[in-house]
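We just call them A, B, C and D in the order they show up, numbering each chain from 1.
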Amino acid sequence: MSSNIATDNKPNLAVEFAGLKLKTPLMPASGTFGYGQEFAPYLDLNQLGAIVTKGLSLNPKAGNPTPRIAETVSGMLNAIGLQNVGVDAFISEKMPFLEQFDSPVIVNFFGNTQEEYGEVAARLNDVPGVAALEMNISCPNVKHGGIVFGTDPKAAFDVITTVRKRLTKPLIVKLTPNVTDIRITARAAEDAGADAISLINTITGMSVDVRTRKPRIANVIGGLSGPGIRPIAVRMTHQVVQTVKIPVIGIGGIMRAEDALEFLIVGAKAVQVGTANFVDPNAMQTILADLENFCIEQGIEDINDLIGSLQL
Amino acid sequence: MKNLQTIVLSNQEISPGYFRMRILAPGYKDIAKPGQFVMFRVRRSLPPLLRRPFGIFQIGLLPADCEGMPEKEFIELIYKVVGAGTEVMCELHEGDRIELLGPLGRGFDIDDEGGDKILVGGGIGLVPLYMLADSLADRSKTRLLIGGRSREDIITVTEFERLGVTSHVTTEDGSLGEEGLITRILERKLDKYPKAKVYSCGPMPMLRAVEVICSERNVPLQVSLEALMACGVGACLGCVVKGREHSEQNPEYLCTCRQGPVFHSYELDWERVEKNIEQEESS
Amino acid sequence: MSSNIATDNKPNLAVEFAGLKLKTPLMPASGTFGYGQEFAPYLDLNQLGAIVTKGLSLNPKAGNPTPRIAETVSGMLNAIGLQNVGVDAFISEKMPFLEQFDSPVIVNFFGNTQEEYGEVAARLNDVPGVAALEMNISCPNVKHGGIVFGTDPKAAFDVITTVRKRLTKPLIVKLTPNVTDIRITARAAEDAGADAISLINTITGMSVDVRTRKPRIANVIGGLSGPGIRPIAVRMTHQVVQTVKIPVIGIGGIMRAEDALEFLIVGAKAVQVGTANFVDPNAMQTILADLENFCIEQGIEDINDLIGSLQL
Amino acid sequence: MKNLQTIVLSNQEISPGYFRMRILAPGYKDIAKPGQFVMFRVRRSLPPLLRRPFGIFQIGLLPADCEGMPEKEFIELIYKVVGAGTEVMCELHEGDRIELLGPLGRGFDIDDEGGDKILVGGGIGLVPLYMLADSLADRSKTRLLIGGRSREDIITVTEFERLGVTSHVTTEDGSLGEEGLITRILERKLDKYPKAKVYSCGPMPMLRAVEVICSERNVPLQVSLEALMACGVGACLGCVVKGREHSEQNPEYLCTCRQGPVFHSYELDWERVEKNIEQEESS
């Protein structure tokens, strides 16, 4: 598979899938990297495989009351409530900045109804600088009693089909881990025409301040992210890779290069780094350097040789 | 604004539960402004996961180790031990490696006029006021009003006085200075200096009381807010407060880490800010 | 609710539910406390609210190949494979030891088929020293393609009904967290006649050794436990307490008294301590002492005043 | 067998990557047997989560701090830095607080006869052999065979020699002693002392080779095994090895922590043990 001789040449870290060419398999996870601009002082955005933006909705969204975040053991809970500037303001105010970089821009989006999902996708489809869309299906379907789209395979299939019809750009569907069998939603996404799958979004969780006896997050329940959830994310990525033919992007608790490698080895074509960006705005640069070192040390000339190389 | 891998120069308990940490911080002296803060990280791989925000108390220079070497820039933090993060911090020693992100946020807006200034601090909230006091044009016209629960909560007042600032202390239990709340003194001072500008940092109930007093009298007020922060750079949206123009249709959320931590009083929706922070205080 | 004056008298820690009288709301989680004997040198078993044994099956079970455990960030993966001595050997060899203590003995059990579940329950029903049974429904149903009983509300209802018919002792049903909506299985358990619910069992996860590219557990997938999963467990406990009328026992990542308190405040009548027993065989004694101190400090005379006192 | 909250007395690098830690351990001297181990925990709240198992290298007494005080019992561990846990351990200093569970497990079965004894250690596997050597009746008839990859992996041999034991060293790269594997020496020694008893600890491939040699010659062998451990007390069943009588219908799983870590060779199902451990070695 790969020779054991360390090479002086830089290993190839570029990956290609779903019509996307990425310089490296590393990109930020939506909602942890703002609109890119916030990290520009700390990080060379041109080194990233892609830039993934905060999730956008049709109209600007206020988000939830505070406290919105709480630290847990090796993780954090958040209930930001998908606060965002709205798709139109994004296009006019944020895209000009992002277009300066040659890393592809992946725009994350969501809706409260099937129609809203379709409409946001359609508007983004016409924006030249946008390389692909990532569709967050972890949102409550307001027309169906608030059941989260991504927890109901039928609803997921329908909403992805609607989006697919209005989109010519590559479509990445981002799955929620709060399901009994992630393979079922993955298959629904593939069947509905997704070009790729990314996973996982946060796991719902709760934490209580035992002195005040109040939830530590105003919204009571929030999404758990960070290194503590990584084994769950790796397991789900493995299951989905074994199930669908479309490419998979792994997400969940990646802090170091070794963590990213777990996802790549089980078969993810690329990975996203979330909470680690908060802990260290340089995190992705460090991970990238260490990925390269790992390849050199292990005599891997092309990272694609490593992807899916799990020994069962 | 960068992530500095650096070391602790000293870390001492200055009053029960309050520590003062000096950190090697090249590059801070020329750029850090009064009211700015840093995100502090204990060594990699140790909990807590997230960094913790701390105001910059002071910036200074130490003599070079030997001729030919540069002087050593440092910053000082003063922190109260309240939870997991500060508990780890207070065990750090000289030479321990840490990471520092900063200087971050918007500091105090300072005009150059030498008029009357009143700084109102509550407990550890006095931290950002020291650099502010130091930077004011006419310190003989600057008054520091500092309140706390008990005498242990009143720290570094003599250092303010060395800057030429007059100080007034209140404690709730009367163990130091006048017994009672600092806002009473603020009213007295504003009666005497009605044109003063007010700068304040401390717990929310105090800030709210200060705001009421200042807005009644049409006195300009800047406040430094605290919030739970994950990133410190405006990315997580965890630290928001509602702006004056905020409504559900037209959300105006301000990031404490980016648009703050210092705000002009008129930028904030005080009703809502207070309500939010009440939740935080009690949670 | 409770006066703020610290009391010199010891607070009441005893709780009662499902016909069980517990001296304290603290007990070990199944599979982390052996058959009790292993911890006797370190801990006074009479101080525990109950003693919960390793899960038993009809026949002795060999368990999985090694490696069976792997440490993860703030957690551990295990795939022990439910190795146990079998119900008959338990009754003859292990019960005599356990009967020496006045803490009620709760016996955890499982089966590969509905019939096996029923049969194990029936055998244990006749054993005098057994105070209650805890039924682990996180096992694959070998007759139905290996789908885990507890992830299918219908299968869960059926198997619990079968057990209920053969059992007069109190029945605690232990839920798996690997489901989309834990409230649905909780309701199925209540409807099928469970006297109490305990949750959560481990969350399925996976970890890869990036140098050998092999799973760190021979079974590939294992169960994640430990402090990192606590927010998920607290959230599910909260959801179940809000859904069913029967009492709930909270489990998941409890290391310290404050962790136990989170579960009690959201409404668990008792809690189980799992992985913490490995980290520290004294863990439960420390937690107990700290629970008492917390009550004194907060002026709580009766722990029952604290249970379900969440401020929403 | 208890959980001791104690302190580190010293912690030194004795060869690149190998550390020797002395720990205050009252109560160990009278009860710990050669081959037993401890579960070591770095201070609460620090990762790693689980304790780590380490053999006891030596037990000793330090003079009392002053008259009237008791002598200080200590134990010594020798460990190789291989991962997260040992990386934290090697940064501990004198006075740092740690927790120790032990002494745990079954040690070596030692008969009192003064016959020939051969101790075969691979790398860090030599740790449990020191207390064993020390407890043997006639040490002039005891030979220590110790193998390693390179000269850095050969540690504490002079201390064995001070006990009166003869030592033979091999390294794979020939940087110390004979070049090659230690099993070659074992065969030579067994040719010479066919009635010797063998005791061994080291990596699985070595143990397996030792087992083959000994069973061919009908020489009694005790081995000390390693396994991943969560609890160390027989509760988690994470550390099992298959016993000689093991079958799917009639499982005979032995806990390395409780029935071991020292086993008589005949208790184990070597085919299966090797297969299991192969997985571990490579994973």
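We take it that a residue touches a chain if its C-beta (ideal position, glycine included) is under 8 Å from a C-beta of that chain, and two chains touch if they have at least 3 such contacts.
The shown structure was predicted, so the numbers you read here are calculated from the model rather than taken from an experiment.
**Q** Work out which chains are contact partners of both chain A and chain C.
**A** none
**Q** What whole-Å value do you get for the distance between chain B and chain C if each is reduced to the mean of its CA atoms?
**A** 46
**Q** From the mean C-alpha coordinate of chain C to that of chain D, what's the distance rounded to whole Å?
**A** Comparing mean C-alpha positions, chain D is 36 Å from chain C.
**Q** For chain B and chain D, what's the span in angstrom between their mean Cα positions?
**A** Inter-chain centre distance comes to 55 Å.
**Q** Can you list the residues of chain D that touch 2 or more other chains?
**A** Touching at least two other chains: 47, 84.
**Q** Mind pulling the chain A residues that touch 2 or more other chains?
**A** Answer for chain A, listing residues that touch two or more other chains: 73-75, 212, 214-215, 227.
**Q** Testing understanding: with touching defined as stated, what is the shape of the graph linking the protein chains, line, ring, star, complete or other?
**A** Topology of touching chains reads as a ring, each chain with two neighbours.
**Q** Touching pairs of chains, which are they?
**A** Chain pairs that touch: A-B, A-C, B-D, C-D.
**Q** In the complex, go through chain C and note every residue touching chain A.
**A** Interface residues on the chain C side: 72-75, 77, 151, 178-181, 203-208, 210-215, 220-221, 224, 227-232, 234-235, 238, 253, 258, 261-262, 265-266, 294, 298, 309-312.
**Q** Provide the residue numbers of chain A that touch chain B in the complex, in ascending order.
**A** Touch residues, chain A against chain B: 31-34, 38-39, 41-42, 60-63, 65-71, 73-76, 78, 80, 83, 209, 212, 214-216, 218, 226-227, 275, 277-282.
**Q** Would you tell me which residues of chain D are touching chain B in their complex?
**A** For this pair, the touching residues of chain D are 45-47, 84.
**Q** If we count contacts the way the header does, which residues on chain B are in touch with chain A in the complex?
**A** Against chain A, chain B makes touches at 1-3, 41, 47-51, 84, 99, 101, 227-231, 233-241, 246, 248, 250-251, 253, 258, 276-277, 279-280, 282-283.
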